[in-house]
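What follows is a group of structures, each given as structure tokens.
Shared chain: chain A. Partners: chain B in the first complex, chain C in the second.
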Partner chain A sequence: MTDALLTIDDVNVSFRFSDGHYPALNHISFSVSQNEVVGIVGESGCGKSLTARTIMGILPDNAMLSQGSIMFDDTDLARLDEQEWQAIRGRRISMIFQEPMTSLNPLLTIGRQIEEVLKKHTKKTKRDMKAKTISVMNSVGLPRAEALYKSYPHHLSGGMRQRVVIAMALIGEPDLIIADEPTTALDVTIQAQILDLFKSLKATRNMSMVFISHDWGVIRSVCDRVIVMYAGRIVEEGTVEALLQNPQHPYTKALIQSIPDHTKKGQMLYTIPGTVPGLKERGSGCPFASRCQHKQAICEQKFPEPVRMGEQSVACHLYSEAGVLE
Partner chain B sequence: MRYFAYKFSSFLMTFILVSVIIFFVFQMLPGNPAHIILGLDADEQQIRNLEIELGLDRPLPERYFDWVTGIFQGDMGESLRYQLPVADIIQDRLPVTLSLTVLSLLLTVVIGLPLGLYIAQKDGKWTSIVLSILTQLGISIPSFWFGFMLILLFGVVLSLFPTYGYVPWSESFFGALKSFFLPSLAIAISNIAVVIRYLRNTILDQAKMDYVRTAQCKGLSEKAIMYGHILRNGLIPILTILGLTIADTLGGSIIIENVFALPGLGNLLIQSITSRDFPLVQTMILYLSIIVVTINFIVDLLYRLVDPRIRSKG
Partner chain C sequence: MMTKPKSIPLFIGISLVVTISITMLISFFYTPYDPNEIHSASRLSSPSAEHLFGTDNFGRDILSRIMEGSQTAFLTGFSAVSIGLTVGLVIGACAGYFEGWLDELLMRFVDALLAFPGILLAIMLVSVFEPGMGSTIVALGIMSIPTFARIIRGSIIQYKKFDFVQASIAKGAGSLRIIFRHLLPNITSPILVAASLSFSGSVLAESGLSYLGLGVQPPDPSWGRMLKEAQPYITSAPWYVITTGLVITLMVLGFNLLGDGIRDSNDNRA
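Showing the complex of A and B:
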């Protein structure tokens, strides 16, 4: 892929605790092309949000990027200093969060909070900034933008606040938007509205996105490709259709099997036994091994190399052995 | 408007409640003012005559009513001990106590806020340990000890400040400032310690909030996030703390006035309680409570200024 906007190559991120360093992201590699929406799915604690924060350069204080490169256009984000990062955040890459109720500052007006992006990255006049802010507010479906401009976050509903956060992410006209579970905290009807907004933005703005979710329905409606993460590793990757129709990795299969739908009405919903291993319980093998029905001896020793299979790529010994056998 | 009507009525209620409590509590205190004025040798008849003269023989509710209506008419009665109008005596003393209160509040804000902010940004294991010891000391050591130490250091050893008495503001601004500086600082130290502690904690708490992450993602610098977002949110609890310290400051000034030999209300209050000078004591405490209520009202207004959520509740 030559037109990749973002190429993450072999990234490791680890957390520092009093008793040592623990890897939280292992050998993460993927890319996002122009006008492509890449989804990331996985259970809580699999490293989805940490991946987003790594791309944004806002890792928690005790986490650090220990290896790998994050090529964005021609810049390696992993080598930027804080000041260079600040020039990119909000202007070239922006982020949308899960918690619309808390991600706005309660003491500042909506207008001021959206406008802040322009204040930081452009040299527009006050009047121009306001006009631009109002037009972006209109474009994300915020009604009565003039009045809302002067109101405070507590006047707004969750859905409206999420639109404000989206307006904030769009106003700098970034090349890439990272959306971390942007619809999870919203009511189902509002969720559908926000998803529609994302779809129309993708169509009209030619925008690239990384879309994090644990909801396959959401992923299916907005993403082109999807990455399945488990305990800090990418286990499978491919087009949304390929993964949904023909999942290869036992974890992906289990995830898809546990999606509720009307054909399963009246049956017990499938759940994956066990839980994601904690940060300190991960060895060198496949982290899913302890929950996997197809576990082999090698699974606990070594994490498999990803294997390409048509539209997708899988990291599982079930397939790497097949490759070795020829 | 409804807000101000509400505030005014609660102000009035406080006034009535405080006046009732003050009046009846002092009537319950043992010790007859007539006895104290005439001394031990006075005979029954003399005491009786003085009681009638002072109006002490009339029933309590009647006397309370007279006192309160008098205050609304600007007549606060006469001091039993000084035989002078209470209003005049208080007017002489009030500027001293008000100067101490205002100046120490100012010192608390001017020293406490920047220091707390600075320390919050320099967060580390050692700073936080040293800081918590220092602030704990600042909070627990009584203000009069700081008073003595300040007198010793700046007054006696360095001779930079006067150690007792004061210069009125009308006479010389800098002279007055100089004379009120040490006692105000002595009162302010523990408040400064409290402010530093709270400000640091709230700033560290606020820095973990989601809106800070949002601000980071806009590309704002750390400084812009601190001053444009975190500090504003951090000031809300600090305002509460400052409001609470006002009562402390007034209480502190009673003791500090004695340490620095300042003729303020606190000094007068102690004297008039020992001499059972009821009209004077009652009015003074009423004054002090009005000051506290007024300052709390100002704090409340500041709240509304900072926090739009309170404003829209009305």
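Showing the complex of A and C:
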């Protein structure tokens, strides 16, 4: 991929606890091209948000990037100091947070909070900033932008707040937007509106995005490519269509099988037995082995190398040379 | 913020603080008598229409002296809180925001300050320097640093985890901007409560120090020293001790109730 905007190569992130270091992201590699929306799916605790925070350079205090590079254009984000980061955040890469109720400061007006990005990164006059803010507010579908500019977050509904959060991410006209479950906290009708907004933004602004979700419906409607994560590893990657129609990894299959839809009416919905292993319970083998129906001896010992299969790549011993194809 | 006090303690607190503040302000322009005017003819006269709170052993009007003394009380309280708040803010904000080794270092320093009983620390400081208004204020200011530092650190750590702070980092904001723009405005109410309690604590400590003769020195009037002067006449002229003591009590009570009231009204809101 020559026009990759973001290339993450072999990134490891681990958490430091009193009794040692525990890896939370293992050998994460993927790239995002210009104008491409890449989805990341997986259950809770699989490292989706941590991946987002790693790209954004806002890891929790006890987490650290121990290996790998994050090439963004020609800069390695993994090696930036705080000053250099501040020039990139908001201006080149921005982030949309999950919880619209808590991601706005209750004591600042909406306008002020959206403008903060411009204040930091441009030398516009007050009037220009306001005009720009209002136009961005209009473009994310906020009604009566003039009046809202002076309102406080508690005046707004959840859906409107999420539009404000999206406006905050857009106003700096960043090259890359990272959306961490931007629709999860919203109710279904609002969710549909916000998804429509994303779709129209994608069409009009040629955005590159990393879109995190655990909802395949959401992923299908906005993403071009999708990455399936499990317990800190990428287990499968490919175009959305390929993965939905022809999932290879047992985990992807199980995830897709457990999507509720109208054809399954009246039947028991499939659920994956067990839970994601905790940080301290992960060995060197495939983390999904304990929940996998196709487990082989080798699964417990070694994590498989990803294998390229047409439109997708899979990391599973079922498809590797060492494993046995059933 | 508090147009309608909802609780009775808060109402009493505000009333006391406002009354005493107004009295203090009036004392700049008017006191019934010159507070330092000596009338040997009317020594230790009991409260009357002429001298509402009576007179002291030099025949000076006690009410006038209390009014004059309120200036000292407010000045020491206000200055001590300002010093404590400023230093405590810097320490607490740095410790809470950056955490890690800086937090350890700063908070151990604060713990060391806290390890001294407050009044003892003040006595030590006052005896190292010269007793007087200035060193009393500095001593009381230092005494109140730990309270502010701890409260501000705790609140900052609590608010730092909020998404809007993370969102602001993601917008490219620097540490100073986040601390002053996003964190401090959100923690004004615990700071206000601490300031109010620390104010009454400082007034009380100033009275204590002055009572021991280590605080404010003559000719600056001070409630604590008035108590000391009143002590020998506790049986012959009890009004001297009672009025002075009562005023100190009401002042401290007023600010304590105010602080508690602010805290309660915020708890209810949340």
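Here is the rule we go by: the second predicted complex is superposed on the first by the 321 of 326 C-alpha atoms of A that agree within 3 Å, B and C clash if a C-alpha of one lies under 4 Å from a C-alpha of the other, contacts with A are read in each partner's own complex, and residues count from 1 in each chain.
We adopt the following convention: contacts are C-beta pairs under 8 Å (C-beta built on N, C-alpha and C of every residue); 3 or more make two chains touch, one makes a residue touch a chain.
On a predicted model such as this, the values are computed, not experimentally measured, just so you know.
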**Asked** Clash or fit: what happens to chain B and chain C when chain A is overlaid?
**Response** clash
**Prompt:** Of the two partner chains, chain B (first) and chain C (second), which one does A:203 touch, if any: first, second, both, or neither?
**Reply:** neither
**Message:** Is A:131 touching anything from chain B or chain C once the two structures are fitted on A? First, second, both or neither.
**Reply:** neither
**Message:** By the touch definition at the top of the document, which applies to A:269: first (chain B), second (chain C), both, or neither?
**Reply:** neither
**Asked** Thinking of the overlay built on chain A, is A:152 touched by chain B (first), by chain C (second), by both, or by neither?
**Response** first
**Request:** Have a look at where A:95 lands relative to chain B and chain C in the superposition and call it first, second, both or neither.
**Result:** both
**Prompt:** Which of the stretches 60-68, 150-158 or 276-284 of chain B runs into chain C once the two complexes are superposed on chain A?
**Reply:** 150-158
**Message:** Counting contacts the way the document defines them, which residues of chain A are shared by the two interfaces, the one with chain B and the one with chain C?
**Reply:** 56, 58, 85-91, 94-95, 97, 99, 102-108, 116-117, 120-121, 165, 168, 172
**Item:** In the complex with chain C, residue positions of chain A that touch it
**Value:** 56, 58, 61, 85-91, 94-95, 97-99, 102-108, 116-117, 120-121, 165, 168, 172
**Asked** For the complex, which residues does chain C have touching chain A?
**Response** 99-100, 162-164, 166-174, 177, 181-182, 185-186
**Item:** chain A residues touching chain B - in the complex, by the definition given at the top
**Value:** 56, 58, 82-83, 85-91, 94-95, 97, 99, 102-109, 116-117, 120-121, 152, 154-155, 165, 168-169, 172
**Prompt:** Residues of chain B touching chain A in their complex?
**Reply:** 209-211, 213-222, 224, 228-229, 232-233, 306-309, 312
